[in-house]
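Mind looking over this structure? Questions follow.
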């Protein structure tokens, strides 16, 4: 394998990794506060993609209007998801929450199937993202460069919110100690809603970029990427936002590089991520940057 | 010791009733077998298979309280093993067009019963292998690991053309599954599971569900009990997979996705997480209801008005039902209660007094 | 190996930078009734958790009947004859009182799971035996009349007794009681002390208990160790502890000088 091909794959891997990272952040933030795996999170990719299509095609809005609107709509969808599926179960056993999450995920997918139909829709990629750059013997789609850049910008924005605003402090407190935060008079419902909003908007951005990369949109498009993003979050240490990004990059790079090195494994691409997960849970369940949680007996 | 004698008597009466119930069941099945339509027989077969699946799934999720999201893996393994063994070498040679089947499957062929048992045994072996990583964790992690395993098996079935014929799957299986096989296995499964759940082993499993730390302090080894439940569950899932394969006579990887797991989850949650009776009731409702709800997906003719059918609406309804049940009625129909002749007698007495 | 009946050899428990228990050593002779006291957060339950296999000590050893059992998990420790109760009651609330005790007899079952799965006579005999033994234990603790009630529906004092009952049912030689009198009124406390004495002699137990309630401990324990911030600050007979300056300081704090 030549140097140029290797470099090409590295760039692809980083690009894919940043998508996983964007989605992984949402998982990890919700898990940090609610100790819940939001199974329906991956489906928000799909919601964002369809919302963008709705804006661009049905309402003929230019992409720089329909995309942000789709992101906002998906963010609100995230809040709705919490209100409908998780809030009623705040004091219920964990297994109930997980089941509700699975139910919500299936509901979103099949609702999309019913409303939009199972035939994959094409995602109109705006021309500005269609360009291909050539340099150093590489041919790279402009989109592949934009993706990590956008991710970085969004990440910086999120970091600012988490570490420099009062809301962020409350979010961090809630993820460390839910009960005490509530006792301190902080409106947890609002914090949770904001957490879902932030996580969902990031996933939405990821969803739109995903749809531009793989322009076939169908109701189940978010399932596998969602699961992989979750694995990325676990890899980085569930509950840790920086870890989610690191995990995303590692997973994206790993997936691309392994398949590039051993092309016979291409059809096992999806399984690779799960094998990584199983090995991880066997040997280092707290992930790369996570902290161990002990039971008080 | 008068008290002892009466106690024994009642137990015997209850056993007699249960036996009578089974005889009655098979009587009804005979009638359907003889006089029922193909459609009705098909539904009954489906029902029996889902009873087997739901009851064994409930053993891990309901009794042990662990969220296992990978039963589809064991169903798949059982289905493929059973199919590969029941097909004749000639059929297999014809089916495996892209890549030839690996030895020794090319020459192996076995009678239906053996292929079913093999399906169960191979599924159990896989369950044993995966049990070490699975039961090192609990809760959400256990859910994701088992889900991941289900996905890995699906990917493998698609990719290992030389073993499973990849996406094309296996066609032309002989329809060995009839009402006697499916319901026979179902009755056996319910019997074995109920015996296990009512035994000391079942108590140990429930103790783990209630409070694993306290269970350990009382001498219960969580890994051993969870392993037992997991293996028994996998065995029956594998056998059910074999029955399913020889009912629909065509299997392919798309049949055994997480979707199947989701359906089982709905069944045991609606029936009552932790109740074998609930799992049976849930399976019956699901099979019957699934058919009944097909109505929603095909056009409805009401005189001069036709409401168009909406494909996929069934699943939307199922999802909503699952969420409504888990949010508002998380105990489902039976909660953790089981059917008992005493309970039935109690209900009837209440009715009479009422 | 060592010939000790029960010995804790310089147990240390560190959580990250925090040392919860530091150099805890003690020995027990068969039949003794010993108490461990100290203010809240002193590390007493941590010591129990290390003995009972819920925590692996950072360093130090637990020797039981001549065997080093330090790395063993909780269920293995119970199988070897050390049973414990919990400070916060951890009953199987959804199961009946009888079932709670029957669980404790599971690890000694003399039948295989397949015999249970098919309801074979060999298993049914064991089930009967377990049931009878459990009932006997309940009778000892005065809970037999509640055998079919759900454990979660019992009154607090009864729940505490059930905690002891099921620990007893594991047929231990050493019983660790973690604050058995917590939340009890003086009458109940007296009855409990009497009960512990009776159980100790009837079942030839060695008892090691944690308590806060000085009255309970005074009348009951033959000797005591006092823990504060993970460090043993005193040991001796209850009488000696009552007037020991370090013990008083630990519980009441330094007298404030003007």
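By letter and in written order, the chains are A, B and C; residue numbering begins at 1 in each of them.
One rule holds for everything that comes next: a residue touches a chain if its C-beta (ideal position, glycine included) is under 8 Å from a C-beta of that chain, and two chains touch if they have at least 3 such contacts.
Quantities reported herein were computed from a predicted structural model and do not represent experimental measurements.
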Quiz prompt | Chain nearest the overall C-alpha centroid of the shown protein atoms | solution = B
Exercise. Starting from the Cα centroid of subunit A, hunt down the chain whose centroid lies farthest away.
Key: C
Quiz item: If you average the CA atoms of subunit A and of subunit B, how many Å lie between those two points?
Solution: 33
Quiz prompt | Interchain centroid distance [CA atoms averaged], subunit A/subunit C, Å | solution = 48
Practice problem: Please report how many Å separate the Cα centroid of subunit B from that of subunit C, as a whole number. | Solution: 42
Quiz item: So which bits of subunit C are touching at least two other chains?
Solution: 54, 86
Quiz item: Residues of subunit B that touch two or more other chains: which are they?
Solution: 213
Quiz item: Residues of subunit A touching 2+ other chains?
Solution: 297
Self-check item: Residue ranges of subunit B in contact with subunit A within the complex
Solution: 61, 65, 67, 69, 132-133, 136-137, 139-141, 143-145, 147-149, 151-152, 155-156, 158-159, 213, 262, 265, 269, 273, 310-313, 315-316, 318-320, 322-323, 326-328, 330
Self-check item: Residue numbers on subunit B that touch subunit C, as the complex places them
Solution: 192, 195-196, 199-201, 203-204, 206-207, 210-211, 213-222, 228, 232, 336
Quiz item: In the complex of these two chains, what residues of subunit A are touching subunit B?
Solution: 31, 35-37, 84-85, 88-89, 92, 94-96, 98-100, 102-104, 106-107, 110-111, 113-114, 118, 227, 230-231, 234, 267-268, 270-271, 274-275, 277-279, 281-282, 285, 295, 297
Quiz item: Which residues of subunit C touch subunit B in the complex?
Solution: 52-54, 73-75, 78-79, 83-84, 86, 90-95, 99, 102-109, 113, 116-119, 123, 126-127, 130, 166-167, 169-170
